[in-house]
Amino acid sequence: MTEPALIEIKGVTHAYQTATGPLPVLDNLNVSVPEGTFTAVVGPSGCGKSTLTKLIAGLLRPDRGEVWLHGERVKSPRKTVGMAFQNPVLLEWRTILDNVILPLEIVAPRMPKKDRIKRAEELLALVGLEGFEDKRPSELSGGMRQRASLCRSLVHKPDVLILDEPFGALDAFTREDLWQTMHELRRQEPFTSLLITHDLRESVYLADEVIVLSGRPATTQFVLDVDLPGERALDVLYQPKAVDYLATLRHQIQIAQGRATQEEAAQ
Amino acid sequence: MTEPALIEIKGVTHAYQTATGPLPVLDNLNVSVPEGTFTAVVGPSGCGKSTLTKLIAGLLRPDRGEVWLHGERVKSPRKTVGMAFQNPVLLEWRTILDNVILPLEIVAPRMPKKDRIKRAEELLALVGLEGFEDKRPSELSGGMRQRASLCRSLVHKPDVLILDEPFGALDAFTREDLWQTMHELRRQEPFTSLLITHDLRESVYLADEVIVLSGRPATTQFVLDVDLPGERALDVLYQPKAVDYLATLRHQIQIAQGRATQEEAAQ
Amino acid sequence: AETKTPFTLDWKFEGPSAAYFAAADNGHFAAAGLDVEISAGKGSLDAIPKVATGAFPFGFADINSLVKFLDQNPGAPVTAVMMIYDKPPFAVVGRKSLGVETPKDLEGKVLGAPPPDGAWAQFPPFASANDLDVSAITVEPVGFPTREPMLAEGKVAAVTGFSFSSFLNLVRLGVPEDDISTILMADYGLSLYGNAIIVNTEFAEANPDLVKGFLGAVAAGWKDVIADPAAGAAMVAKRNPAADVDLEAWRLKLAIDDNVATDYVMENGMGGIDAERMEAALAQIGETYEFKSAPDASLYFTDAYLPEGNFALK
Amino acid sequence: MNSTLYKVGVPLAAAILFLLFWEWLVWVNGWPNYKMASPSDLVPAFWKYRLLFIENGWQTLWRTVVGLLLAVIAGTALGMVMGFSKLMRDALYPLLVGFNAIPKATVVPILALMFVGEHNLNTILIAFMISFFPIAVSVSIGLSTLEPEYRDILRSLGASRVTIFWKIALPKTLPEFFGALKVAVTLAFIGTNLMEIVSPHGRGLGSLFDSGKISADYPLMFAVLLALAFLGIVLYYIVVLLEKIFAGWAERAPG
Amino acid sequence: MNSTLYKVGVPLAAAILFLLFWEWLVWVNGWPNYKMASPSDLVPAFWKYRLLFIENGWQTLWRTVVGLLLAVIAGTALGMVMGFSKLMRDALYPLLVGFNAIPKATVVPILALMFVGEHNLNTILIAFMISFFPIAVSVSIGLSTLEPEYRDILRSLGASRVTIFWKIALPKTLPEFFGALKVAVTLAFIGTNLMEIVSPHGRGLGSLFDSGKISADYPLMFAVLLALAFLGIVLYYIVVLLEKIFAGWAERAPG
């Protein structure tokens, strides 16, 4: 038997209780992310991706099935997780710098103030927000807020990084810059990551494995192993292998949305 | 002299007053959108795109320069504008349906309730949200909220439609569906539209003209006339002309971000 | 037709208010051509302005308060026309078991007194009239609600207060009646008068006959309740739903005996005052209160509306 | 757990626990009635004066409700003025605070002199005066701290300030508004009783308290206080009901 | 406009306008002092008793502030308990409302009997009792309506409820908290004065009011009320200052 994966999702089923009855969202889902790897999850809008992130982070308890992190069953949130939410909520009463520092105040309360600031400033510079440290969130543009939120998820060097569409509000180039930043960071301070995205190129460029979820209620519909070099340059996406991957994923998503069948995909 | 354009931005300069002094955002910007056309605006994150939409909607007054709509100078917001904000704020105390109906309550207070509901339901169905009419916003996924917000901007059949990254949180296919929906709607109930986006394919597919803004403070750096058929199928993007357009835009944005110079682009 | 004339009392509807209810219920007011609505009050300084502003033509209030009021507000159209409490209820109430029976006994003891208490305000003239060594008396400021309970628990040896209220409160708290000593200040050198019927002078000048009729009805009411205190208490109970009839009858009785039907009144009739005593009273007020202008007894009381020889109670 | 059972049971259990604790406290300390009557002493008082309680309770209740309604209307209006205009906020707030810092017990005689004999008006006015402030504060804060994103939804449609208030600001601050209303309910109650006690007109629970006081009937006095508390709770549940209807969306499961 | 000039000028102008209006009202109606004294009558009263005003003002002030601090601490704690636990909310709210619907004027004698002679304690307790409720309500509402998105930021890090309260819930509700504090300030004031008037211990502005009453000195009585209003305003500005420091971010330009 192989060593258990760092993130292990076993037969998870979940439904939201709504006024009109339960809304099943995840149906017997299985995902495992080995230590040090980067897994991307794609799937149609509203299929249950964000729900999945909340289950892993321990913010929700699954109706059925189990979530394991580091070989322990997840029953409540833990300090070693970094999370960037789809909707980047920044605290309006704190400056951008203080927003980024927030997790350190919880996770590493004894870290000297100077070190905290240094760490946060480094990250902010990495995402192109130098000079905005002392601004209020409302003084930032949508994309800038998203970048600040990304820094917040990274600041305490989490073992497990959960990113829910972290680059959704960014233009292509800023986004590609950040892809490279992510690769760079991963090299410097290794982490295991689960990335939700709707950009297929992003998933292929960043991940070691791409999971395609079916429509709601979501199950694993397809898993793609991305066999590209660990250190990737941007033009890796123009390699035939990558182009192939992209075509496969496009088709899988079409299936997930019920526009094509598995048979067509096989053709 | 030609007939004045429907949206006319003349030498607009704007700066935000921040604690550390003014932050210039727009610098002598000129844009004109003729009646019935669709203009896309692209530019680096934080350059001032959302600011531009607020100026057109009359939510902000420019420091210098003028904004004209319908041949009238904009001094305050007007009822004939539909706006989808970058951050889709839905009112938590209303159902999705009632959120979409909201503009009708202001703009067409005498419209019979039944008609309002019908209109809103039609739009919700168009964006794939049938069955979610009676849910609360918090019961929707990020992408679903964005779609609801789009419906809200359309419900009162505005003459002028301002869309600030309306598809940012959507997966490729849902997004492409909505592109087609937009074309369809435009045919049925013509409007003049300004679209902010960071997706170059989106801009080429939807717009008659793409404006590339430079980095902050933003000026018009480049204007691309999109000469593609009015009714576009998705594969239009694979035509050589469109591929060419995309390459040009990519390069222009690189220039906007200061990674390439105009000279390189000319090569 | 009967003339509507509101009448404000100085306090809540208690036993001693019975006389006015009797005047109403037994038809004395009606006989004088008056339709009187009686309102409760919140102290003399609530009643006096009500009359001074003309909102109420008649009122019932402490004349000492009226003196101060007229000194502070010269020319205010209000004056007293009929003295009711020949002796004011200001008293020192002590317990015999704690060694307090006469004023002199207070020396060396603890006296509880609420700072704004009306009786406490008269303590200095009382003390000087009785040659008390004030420095030998420990004065403990107490709140109204704690006054009698503290005496009942023996934390103080005596308190200042209104004779009938403090006495009855103590009885209610379980202190044996014969242990309570009520030292009525008026019996020990205090010349002050007590509560009187007051009128708005503008109203009185315009309607002298109504005023006379009113006073006659009040006197008749008092006669009724003196004759039958229990019936009077029943009239109070009619207006004060939770009232304890026996208690109110008792309170009325105490007021009649101590304050209303005094020896002087039995002798000279009810309603009038003695000019000399009034001068002495003003002098005693001056011991604790600094007059803005020289006091003038004629401003505070007029017998113009009283019958010759006052109202005989006998 | 059965949900209606829970909704009725929890507050009821809390109330019973509280009464038991009270009884025990009095019993252990051996307090006499004039210090603190125990719940069991109150039962006879309630029974004896039951008709008076109903009659006077109603008197107190309707004046309180009218005063409260006035306070809601005037407080909302004032809050709107202060919420929309910083100038008005800076000018009016200190005056209002000053006015509120004045004990209403001292205002009662002045009012009573102004409107002699108008007992209803006086009582309602005091209930109103004492209770409008929290409402004005909450509305003004709701408006002045409204996030621009929310405001812009309607502003971009050219909606008037009043429309923005009704469609956005008010619903968004409803939870705080109802919180203020819960405070205002109890204050209005205190106002009504203040008038009934300080400037007696012989009606309402305040007058019953007074008449208990005159005859040193301590159990009756405590019984009146309990009745007041009970009426306050009734009004509170009415507010809760309104809140459920109008602002039920805001309640989240606790974290 | 010069900003400090504006900040001082606007409230000052409003206050002066108000005093002028008052003076005019009294003058036009020709009201005597015992109905309503005019501001110009109060000046001599202030001057004559200036030392008493300072001494008693201080007495009232410190008891109010101590009571208020207690109210902030206990109110916040209670609000946390009720905000985090729906059970506690359902159980405690009605009791608190009932307690608050009881006029504090009637509680004063009971307290005075419980702690005979402890004037400071009694006064502070009443100030506390009357003012903690708005604070508890605002904290509990802030917690129970906190948007899950905000809560999740810290929850995902395994932060405790108390941490979430300090880092997220409290700052986020600070504007409402300060609103409640503004209401509580005035209530605490009323509490202190209630004790000083109803169960007099001869100290504080309440007792000055009473002694004005004994000598029928109406201008003095009105002057005391004005002094109370003034102290209330001073406390209010202290709260405003704290608000500027801690919750300045929340104020938006009005729409």
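We just call them A, B, C, D and E in the order they show up, numbering each chain from 1.
Rule of thumb we're sticking to: contacts are C-beta pairs under 8 Å (C-beta built on N, C-alpha and C of every residue); 3 or more make two chains touch, one makes a residue touch a chain.
Composition by chain, UniProt nomenclature: A, B = ABC transporter; D, E = Binding-protein-dependent transport system inner membrane protein.
All values derive from a computational prediction rather than experimental measurement.
Chemist: As a test of understanding: of all chains, whose mean C-alpha position lies farthest from that of subunit B?
Modeler: Following the centroid criterion, the farthest chain would be C.
Chemist: If you count the contact pairs for each chain pair, which pair has the most?
Modeler: Greatest count of contact pairs is found between chains D-E.
Chemist: How would you label the subunit A and subunit B contact, same or different, if same means the shared numbers make up over half of all numbers there?
Modeler: Both copies, subunit A as well as subunit B, present the same residues to each other, with over half of the numbers appearing on both sides.
Chemist: List the centre-to-centre spacing of subunit A and subunit C in whole Å, with centres computed as mean CA coordinates.
Modeler: Taking the average C-alpha coordinate of subunit A and of subunit C, the gap between them is 86 Å.
Chemist: Centre to centre, by mean C-alpha position, how many angstrom separate subunit B and subunit D?
Modeler: Going by mean C-alpha positions, subunit B sits 49 Å from subunit D.
Chemist: CA centre of subunit A versus CA centre of subunit B: separation in Å?
Modeler: The computed centroid separation for subunit A versus subunit B comes out at 27 Å.
Chemist: Could you pull out the residues of subunit B that touch at least 2 other chains?
Modeler: Expected reply: 87.
Chemist: Of all residues in subunit C, which are in touch with two or more distinct other chains?
Modeler: Subunit C, residues with two or more chain partners: 49, 53, 149.
Chemist: Multi-chain contacts in subunit D: which residues touch at least two other chains?
Modeler: 34-35, 113, 148, 155, 250
Chemist: Please output the residues of subunit D touching subunit E within their complex, sorted ascending.
Modeler: Residues of subunit D touching subunit E: 6-7, 10-11, 13-15, 18, 34-36, 83-87, 90-95, 97-106, 110, 113-114, 133-134, 137-138, 140-141, 143-148, 151, 155, 161, 164, 175-176, 179-180, 182-183, 185-186, 189-190, 193-194, 197, 206, 209, 221, 225, 228-233, 235-237, 250-255.
Chemist: Looking at the complex, which residues from subunit C come into contact with subunit E?
Modeler: Residues of subunit C touching subunit E: 43, 45, 48-49, 52-53, 65, 68-69, 71-73, 76, 114-116, 118, 121, 140-146, 149-150, 155, 289.
Chemist: Which of the residues in subunit A end up touching subunit E in this complex?
Modeler: 54, 57-59, 76-79, 81, 83, 85, 87, 89, 91-94, 102-103, 105-107, 136, 152, 156
Chemist: Which subunit E residues qualify as touching subunit A in the complex?
Modeler: The contact residues of subunit E facing subunit A are 147, 149-150, 152-159, 163, 167-168, 171-172, 174, 247, 249-250.
Chemist: For subunit A, which residues are in contact with subunit B within the complex?
Modeler: Its residues touching subunit B are 16, 18-20, 23, 42-46, 48-50, 86-87, 128, 134-135, 139-144, 147, 164-165, 168-175, 198-200, 250, 253-254, 257, 259.
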